[in-house]
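Shared chain: subunit A. Partners: subunit B in the first complex, subunit C in the second.
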Partner chain A sequence: MGSQSDRPLPPEPVEPDGPRVGVDEWVASADRLQDRPAGVAGALRRAGEVVTPPIQLAIFAGLAATVPFWLGTGDLFTYGIFVLLYVLLGLGLNTIVGFAGLLDLGYVAFFGFGAYMYAILSSDHYGIHWPAIVTVPLVVVTTASLGLLLGIPSRRLLGDYLAIVTLFFGQAFVVFVNATNPVVAGKGLTGGPNGIADIDPLSFFGLEATTRTQQYYVLLVSAVLILTGLHFVNQSRTGRALRSLREDPLAAGAIGIPVNRLKLMAFAIGAGIAGFTGCIFGTLLTAVTAGNFDIPILITIYAVVILGGFGSLSGVVLGALVITVSFQFLAPENPQNNARVLFYLLIVLVIVLLLRSWWRVALVLAATVALGVAVQAAVEAVAPSWAGGPVVEGGRLGDLIDSWVLIPEGHQDFGNVAYVALVVAVLAVTQLRPSRRIFALPAVAYLAAVVWETSFVLQPAVARWILFGALLVVLMNVRPQGLLGTPRVEIV
Partner chain B sequence: MSTEPAPLLELRHVGKTFGGLRSVADLDLDVGEGEIVSLIGPNGAGKTTVFNLITGIYAPDEGEIRLEGRDITGLPPHRIAQLGIARTFQTLRLFLNMSVKENVMAAAYGHTKAGVIRSVLRTPGMRREEREIERLAEERLAFFGDRLVGYRWGQPAYSLSYANRRRLEIARATAVNPKMLLLDEPAAGMNPVETHEITDLIGRLRDEGGYTILVIEHDMHVVEGISDRVVALDHGEKIAEGAFDRVATDPRVVEAYLGTTGTERK
Partner chain C sequence: MQLPLFSVLDTVRELGWSGAVELFRNGLALGSLYALIALGYTMVYGILKLLNFAHGDVYMVGAFIGFGVLNAFGGSPSPSIAILPLIVLMFVVAMLGSGVLGVVIERFAYRPLRSSPRLTLLITALGVSFFLQNSMLLLFGAQFRSYQSFQLGSDNPAAFEPGPLVEPVFTIADVNFQRIQLAVFATSIALMVALTLLVAKTTLGKAMRATAFDHEAAAMMGIDVNRVIAATFFIGSVLAGAAGVMFGLMFSQINHFMGFYAGLKGFTAAVVGGIGSIPGAMLGGLLVGLVESYAQGYLGGQWSDIAVFGILIFVLLVRPTGLLGARAIQKV
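Then we have the complex of A and B:
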């Protein structure tokens, strides 16, 4: 085309039925190219197309069912059971926020309401011991009705306004449970700050779920059933209607979709699932207190849904898995090497994402290692006290770090200075042109390692949150739509 | 038109004011069964407000709107859609992140039944209904011939070209199974060939689909080509009504569009 640019182009054939009107074919071919990206990402996406939702569910259920066989009881509780709890909570929130697009910040109150209601009806608190087979359905129906009630403002309130109203509701619940504690039948209804203890275990027709393994399987079966149900709802006319009202409520109304009724329905379903999860949660801990249903839990549930991708059911499962496992993995009672390994992986991941070329990544990593060895050797020769500090928690990894990372002995402020220097260096790197970044990266990566080994390892509780936050920031930067979400186009 | 058919849609003394601005005033409008009526007028004349009043997006401040003799004034939009009025929007309002076919399938909500519980249990009745919805959507899309054919059905609506989005919006409106279609500037932003096509299409919608059509259009070739009757609005008031030739040459219409000789309109 370019070589013949002097000649005028022949006029386009204009036929009413010709195939070349508009740019549709071009758009379609561009889309097909986008649908077939090369490399690892493309292969992963193609694999995702082959593995249909029923197969995904079968894989999840099959793998999850084996967990009690290879995980100890303690780990089964902190990992297995908590992942499933967050799966259930995420599924409920996903119905409200993901399917219907209603920003509900009071969601955790439904969880708490379910737990407290079960606790009041099935514990020593009032001496009422209704069997779970009665209490659980009752709780689900009541929480769903409560969701309906809270959903009523959603008829008029949109977006941020609804968020504030529901946030208030969530906080009001916590205050009510914790501080108000009205006296009913000669006893504080919610037990105040002490909560309610000695909650009955789940029992169905005389079978009690008391061991962690039994509880785990109850949760797993519930999660599989709810996943299946929500998948079918999503595929039905109700699911389509919810999606369309999330996309454009006005247009949804104009094609005969009762927008308000569907919003309420989404609220009720989400609340019902949260209430159900609350029941199980109460029996797991055998006690409930207001602190279990406060903002941190809400944020974690949101993190699960956002990381997985709004509106994606498999995303909720993956999000719950990543969030719960990484968070528990970094817990202070776990070995420091957990956090350390994750930290170094994170650095490598960031470098990979910044450079996106294997040989450059290899170059930078090699330079980082060389720089470390050189600095360590030089400092040891000149001023040994600046390099002789002990590595927190040794082991094979510790030995490697000892000969690579500069850890001063007895220079108190070094860690703080290095930390500030790291922040400055990171900010400086973001200002560099991408082509020059590669020269600065080894030094910054090494500085980050020094900061980790001299400051963060000494404060595991703080390091855990920083690392967790950094992990989320990196993941959400890589996939803003969430791990399994579909990228949404707002305006074209 | 020699004999007036019984009006399908009647507007009687309908008025709507926004703040101090009288957008529609004392409007009487009849649309007979099987008619194609065009609503014309300069920008800001209140044409889209009339659509919004008919479809329940706004409730009129005064007056009455009847569909088949039944009062629909002030009903919520989804009820009016279910009773038989579907519309398209001037500024396209598709469900961009849903597939082409899903956009059309969603419009079957009002005349289908399966509830949440039946959907979870996937009862035979629910599955039969789903198949019917899918067939309906394919049929409505097939109305556009090779414009919205097979391979596009699974694509998200945002991947469609502008003209195809307009077509998809019409397909979605017809899937409501309405008696009446309200088309808001269906030819806006189309090239001459596409405009020609849309003119044919509106005729086919009436002849083959059996819809009564009320259309807002600025392109006078389209208006001339399709209209049984033309209604001209200016400042929310009806200034002329009748056959295209008569309305197009009416001095008040000419004045509304072009202004009186020598003086410029605001």
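Then we have the complex of A and C:
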């Protein structure tokens, strides 16, 4: 590049005042609007421009490295390690869906394949104990090849066919592992529903990662390395080609981009990352079973990538953080009070996003509280059996909730009826004009609280899948680019 | 290691002629359900180019509505009204309920995304499917619910005497063809004929074909595109609801997850037959049902899903347009 600075600079292009040839007026004005975004969102975006990706990565790595010092071992596993696992899984999926725009619904099968292959090669199952330094690269290469293989039909398949083929592939994997379990060398290959237990820990040249802290750092280093690698891929010629492929495969092909090769490459990279994560996952749990690689996990990984924004690496990290923490809060084995606080915060957040004006938010929240107290008092006076139910795991909030949320005693189907009513109410509110929505919101928010206390709290694991499913639908309708993604302009 | 092929041949010999007929019967019954589901996929795909993942779950909801109606009238084995009107009522309510559900899904989840990229729509569909499945799990729990259709209307349920639904109508090679199986087969054929006539002969059918061909041009010709799409969802979901009740009556056991695999197989049927083609969906449905049934009988139940997946891959590689599908031209 040094030789270029010797040459005289080309003259500055003259900017004409009006619309120019080849520049759409609307597109130009949209660009200008994007330049100067207002409010909190604008300030955040400007901050994002100052903090460049290398600095972002450094901040992430620095903060993440301190986590084992202030988080207990149990929490390090449920939060720290799982966030990083989902970061890795999200990065792999982001390569396929976010970079290349291929809807791969069998992604989780690569994850499972990696875990199972590691388990077979490094456990007591067959008595093979290859060291991780051999197994992990072998697994990554094999999984990537499997990705290539699955990618081959994708060359001829338009988006939706690919989705169903991969979805079916993922299910076929689960069935294969769980039920088919072919007999190899006198033993079920995959262990059937029991899975494979006693998997060797990761070991590199005699150093074994056995404690949670060691495993956490292994994951963190892998995540940072993969983030760096993908950042460079994304910035490169290949990254640009992938983006053009995502926006319009036909046009990309027409300008000479090797569409098929790129699709296969994206598949292979994504599958390789998933396989690698699978190895680590196997060593973390020291056992693999088919249930870990089913549709719910797929939806969770999709939620991570979609929340963060397709194609955005920092988005994956953010998405993994938000989704994993809510995922674990809503896990049935964890204290319900965390989940409850999270759910109420979510309601408040939705109200804030809907109204975007602080005094209105305050008004709605006040109205919600007043409504709750009024309803509770009225029902208690008229029909006490409808209001006297116990609060499930109320903790410190127990009394507060007891005097605010309607919890009937001995009316089993009340929770179900309330849930259906909530779904109908939410759908109805979306049809109201924004100016009228404010009047309906307190009732809906209160109904949501009732549903939580009478139905969700009993089955938090199901509630989290419902919320994730709803998240996909709502995000796609409201903000398809996710939190940090760039909006796509559909060119007709 | 025993070579699998030989064991398959052994099984074929063991089951013999009557086994083959039995598997054929099961395949036809299952296939007619898949065909009905496939019709919904094909119609929606034809008109919106959307793979509606939630379709299988609409079928599941239909089965649950039928179950609810059955229980509202005292439930199996001895309902409070005569069996025939009860079954008709189950069908009508389930079909209407599923139809309304389909329209609601389209109205709230898909319509706002009419001009969005395909990926957005597909993920929305995935989210809707997951949402419906887990909502039913929340409402009804994970256990299987049983129609107990074996005993429905039985004279002596305490002695597990079979009811009129499973009465054999005729017998081929020692295999009984039960009343319910023949009824399901006949009903699904009748529904398909009705659908074909609707699409071919009525104004609505004409509007549907026009909208599938080109939304904008259809709108310019004065067709209310939104209403036509809603009607398509309604009809597709009605068929799925009917299939759900049929499944319940034939196989009894329903739960919240039944729609997922049925949806996958219904879509496979639609692809095998040629997506967008109504006779193709019927043909594909029967084919998938037969393959699944024979794979189950000869290879073992654990292979049946993988066999169906095999057909899907095979058809997509060899003839991506399906058996009866027209060659798709990608318009730019």
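The rule is short, and it goes like this: the second predicted complex is superposed on the first by the 331 of 492 C-alpha atoms of A that agree within 3 Å, B and C clash if a C-alpha of one lies under 4 Å from a C-alpha of the other, contacts with A are read in each partner's own complex, and residues count from 1 in each chain.
Note that in this section a contact is a pair of C-beta atoms (placed from the backbone, for glycine too) under 8 Å apart; a residue touches a chain by one contact, two chains touch by 3 or more.
Predicted, not measured: the structure shown is a model, and the values here were computed from it.
When subunit B and subunit C are set side by side, the one touching more residues of subunit A is C.
In the superposed pair of complexes, A:V369 makes contact with neither subunit B nor subunit C. In the superposition on chain A, no contact is made by A:L148 with either subunit B or subunit C. By the touch criterion stated above, A:S236 is placed in contact with subunit B alone, subunit C being left untouched. When the two structures are aligned on the shared chain, A:T486 is found in touch with subunit B, with no touch to subunit C.
Shared-chain residue A:A252: touches subunit B; no touch with subunit C. In the superposed model, A:L349 makes contact with neither subunit B nor subunit C. Once the two complexes are overlaid on the shared chain, A:S244 sits against subunit B while remaining clear of subunit C. Note: residues 250, 488, 490 of subunit A belong to the subunit B contact set and to the subunit C contact set alike, using the contact criterion stated above. Here subunit A touches subunit C in the complex through residues 97, 101, 103, 105, 153, 156-161, 163-165, 167-169, 171-172, 175-176, 179-181, 183-184, 250, 295, 299, 302, 306, 310, 416, 419-420, 423, 427, 430, 455-456, 459, 462-463, 465-466, 468-473, 476-477, 480, 488, 490, going by the rule given at the top. Those residues of subunit B whose C-beta lies close enough to touch subunit A in the complex are 55-57, 76-78, 81-82, 86-87, 89, 93-98, 102-103, 105-112, 114-116, 119-120, 122, 126, 129-130, 133, 146, 151-152, 155-156, 158-164, 172-173, 175-176, 191, 193-194, 196-197. Those residues of subunit A that touch subunit B in the shared complex are 14, 16-17, 19, 21-24, 27-28, 31, 228-229, 232-233, 235-241, 243-244, 247-248, 250-260, 265, 269, 486, 488-490, 492.
Subunit C makes touch with subunit A in their complex at residues 1, 45, 49-51, 104, 108-109, 112-113, 115-124, 126-135, 137-139, 260-261, 264, 267-268, 271, 301-303, 305-306, 309, 312-313, 316-317, 320, 330, 332.
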